[in-house]
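Letters A, B, C, D, E and F name the chains as they come in the text, with residue numbers starting at 1 for each one.
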Amino acid sequence: MERSARFERGAARLAEMGGDIANITGPLADVAPDLATLVGEFAFGDLYTRPGLDLPQRQLVTIAALVTLGDTERQLRFHTNAALDVGLKPSEIVETVIHLLAFAGNPRVFNAMLTVKGVFAERGLLPVE
Amino acid sequence: MERSARFERGAARLAEMGGDIANITGPLADVAPDLATLVGEFAFGDLYTRPGLDLPQRQLVTIAALVTLGDTERQLRFHTNAALDVGLKPSEIVETVIHLLAFAGNPRVFNAMLTVKGVFAERGLLPVE
Amino acid sequence: MERSARFERGAARLAEMGGDIANITGPLADVAPDLATLVGEFAFGDLYTRPGLDLPQRQLVTIAALVTLGDTERQLRFHTNAALDVGLKPSEIVETVIHLLAFAGNPRVFNAMLTVKGVFAERGLLPVE
Amino acid sequence: MERSARFERGAARLAEMGGDIANITGPLADVAPDLATLVGEFAFGDLYTRPGLDLPQRQLVTIAALVTLGDTERQLRFHTNAALDVGLKPSEIVETVIHLLAFAGNPRVFNAMLTVKGVFAERGLLPVE
Amino acid sequence: MERSARFERGAARLAEMGGDIANITGPLADVAPDLATLVGEFAFGDLYTRPGLDLPQRQLVTIAALVTLGDTERQLRFHTNAALDVGLKPSEIVETVIHLLAFAGNPRVFNAMLTVKGVFAERGLLPVE
Amino acid sequence: MERSARFERGAARLAEMGGDIANITGPLADVAPDLATLVGEFAFGDLYTRPGLDLPQRQLVTIAALVTLGDTERQLRFHTNAALDVGLKPSEIVETVIHLLAFAGNPRVFNAMLTVKGVFAERGLLPVE
């Protein structure tokens, strides 16, 4: 598959976030390789490389959206790791989730906090100060 | 339990879709047998047997709703199988899920594609051409 | 603003659907012209021009997603018009909305049907046969 | 940690519902102890102790919200147990979930019923009469 | 149109709730008369006439679902009126909405309370004691 | 009504955000004054005054949640004003909404941008640079 400049830009951005485009292209290779291309090009190549917000700000926004949306454990796990990799402190991620008590309700917040905790545990970041 | 004509019609429709009403009545038998009756009568007996859309069209609509709703892995698994059984091609199901990038967001689409892939794998339909 | 090939392809696709890209670029011009560009390129230029589903199938999928998502009256109005313009019959649109009783619940279906009715009324398509 | 009067009132209320505040404070201790405090104080200390609805009524409302929201299996499990502990009959819980066919759609109802069934099974309450 | 026994039962139940089936059949007559039939038969004829919960309990459940779902102002207005007509006190409806702060978040609760207030105002029930 | 220290702290925080607690207490006075108290105390007094995130960060998180949740036009209008009042630039708000194309889908983003535009227009902030 020939990769577009947008896709290459997206893959590079993803790498800055601690991710690996192969984790998107791999699982989709035999079912929907075009989905990997579209996500790499659009979400990471177009949106995530825009100016206007820096990566820590984008990760606050992304985490808030994922917590609110629900049924996003896989994505929240990835984006919590990415949030840490672009410099957000564990306490900022925790605070973001707590803040959402007012907007998304307790169940979304509680589930998300346990997912976030799992990521922190894997990275040896517990207890959060 | 006496089964109504609507229920029998629903069970027959479900069978055309590759399903088995016993997979609905069985797990609900000791907790809520009436739920199985209501779903068999209404969803499959009333709605799924209506004219106006053919079964492949209905499965496009159903899959789109399940992907958008979220937290529907069990249902998406069933209705992906049903979609194949009523004649949709794997590529049409894949394309339906990809199309929803514009309306339901990446997390819903990505999760759904992995569920769909699981069904295709069980049926030996990978790779999708 | 220089328009990309993807954007031009999207604008052309939108025109086939009875839409006008100016209705997207216009309202966004002084607040977020890039949003119009991104939507024109990605949703209409990339996704809506893909093979795998024809336009009537795509509009079934889109309408199902919009009904299920909720708070989409503006979009449902546009995509009902587009559905008619690409050849879906009013009765197929009505049937799609009714089918969603099983998946999205009565309030989503009832609200959507009144929106659809409004579009049909504007186009002189009532009563639906 | 010094516990506020609101928190103590919440912990007591939770105990009346068959719960144990330690099951909230424990898992959050090393990631977000403040979240446990806020939930104990606000949800259980402020809201759940208000007059105006009795506990069985509150559990009907809570279960309806959890089923409709989706992605709430953990919470639905807890609040089904609590509903039984405050005196709701299994048949009332089952009927609440069935009623939601009209508002939340079949997938939410079906998933919820299986969760409810799991709780009933653990408590030896099957079959439901 | 010939009306089924289920539909007649639903229409009668709706009348007990202070509603009028003509308000459902009327607006749908020229676009989707079958939708009115299906809702009358299933939601009101099958579900709302079941034993297991009384009408005040059902209205607590319904209101909780509508508030949580969102984009349901029209339905919440109807079901608030119905709740009053089947004997719930304004203070019980208010308390139900407040309780949902813990599960559905502030925006859903705030919007719902303003809708509920509108109904109370029309019926001369303000201020709520 | 006697106001708690938490409520007074919340009212003060709200004032820093350009809001006025009277706009919450006023409309709720004759229907649910306790709701105003609870929101003032908890959302603004407890959550919004926590350390860990500054107010501009909190407004990014809040806006992301409101856009994703949907049916939040009233809240988005308030919190867009608040975001400006605590120092976010119009371009940062716009960029937050655009970023959500990847997570919440086009309809949520498009509706939100028009709401945001309305606020900017009222404050003479168009065109956004």
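What we mean here is this: a contact is a pair of C-beta atoms (placed from the backbone, for glycine too) under 8 Å apart; a residue touches a chain by one contact, two chains touch by 3 or more.
Fair warning: this is a prediction, and the values are worked out from it, not measured in the lab.
K.L.:
Just to be sure I understand the contacts, which chains border both chain C and chain A?
P.N.:
B, D, E, F
K.L.:
Keeping to the contact definition above, tell me which chains border both chain B and chain C.
P.N.:
Common contact partners of chain B and chain C, which must touch each of the two, are A, D, E, F.
K.L.:
So which chain is farthest from chain E, going by the mean of the CA atoms in each chain?
P.N.:
A
K.L.:
How would you label the chain A and chain D contact, same or different, if same means the shared numbers make up over half of all numbers there?
P.N.:
different
K.L.:
Taking each chain's centre as the mean of its CA atoms, which one is most distant from chain C?
P.N.:
D
K.L.:
Fitting the CA atoms of chain C to chain F, what rotation angle results, rounded to the nearest 5 degrees?
P.N.:
Best-fit rotation on C-alpha atoms: 120 degrees.
K.L.:
Quick one: report the Å distance separating chain B from chain F, using the average Cα coordinate of each chain.
P.N.:
Using C-alpha averages as centres, the distance is 40 Å.
K.L.:
Counting in whole Å, what is the centre-to-centre distance of chain D and chain E, each centre being its mean C-alpha position?
P.N.:
So the centroids are 24 Å from each other.
K.L.:
Taking each chain's centre as the mean position of its Cα atoms, how many Å separate chain D from chain F?
P.N.:
Those two chain centres are 29 Å apart.
K.L.:
Could you tell me which residues belong to chain C and also touch two or more other chains?
P.N.:
If we look for residues of chain C contacting two or more partner chains, we find 34, 38, 42-43, 47, 50, 66, 69-71, 94, 98, 101-107.
K.L.:
How is the touch graph of the chains shaped: line, ring, star, complete or other?
P.N.:
complete
K.L.:
Quick check: in the complex, which residue numbers of chain B touch chain E?
P.N.:
By the definition above, chain B touches chain E via 34, 38, 42, 46-47, 50.
K.L.:
For the complex, which residues does chain D have touching chain B?
P.N.:
Chain D residues touching chain B: 70-71, 94, 97-98, 101, 105-111, 113-114, 116-117, 120, 126-128.
K.L.:
Which of the residues in chain A end up touching chain B in this complex?
P.N.:
27-32, 34-35, 38-39, 42-43, 66, 69-72, 74-75
K.L.:
Sort out for me which residues of chain B touch chain F in the complex.
P.N.:
Listed in rising order, the residues are 102-107.
K.L.:
Can you check the complex and tell me which residues of chain D touch chain E?
P.N.:
Residues in contact with chain E: 42-43, 47, 50-53, 57-58, 60-69, 91-92, 94-96, 98-104.
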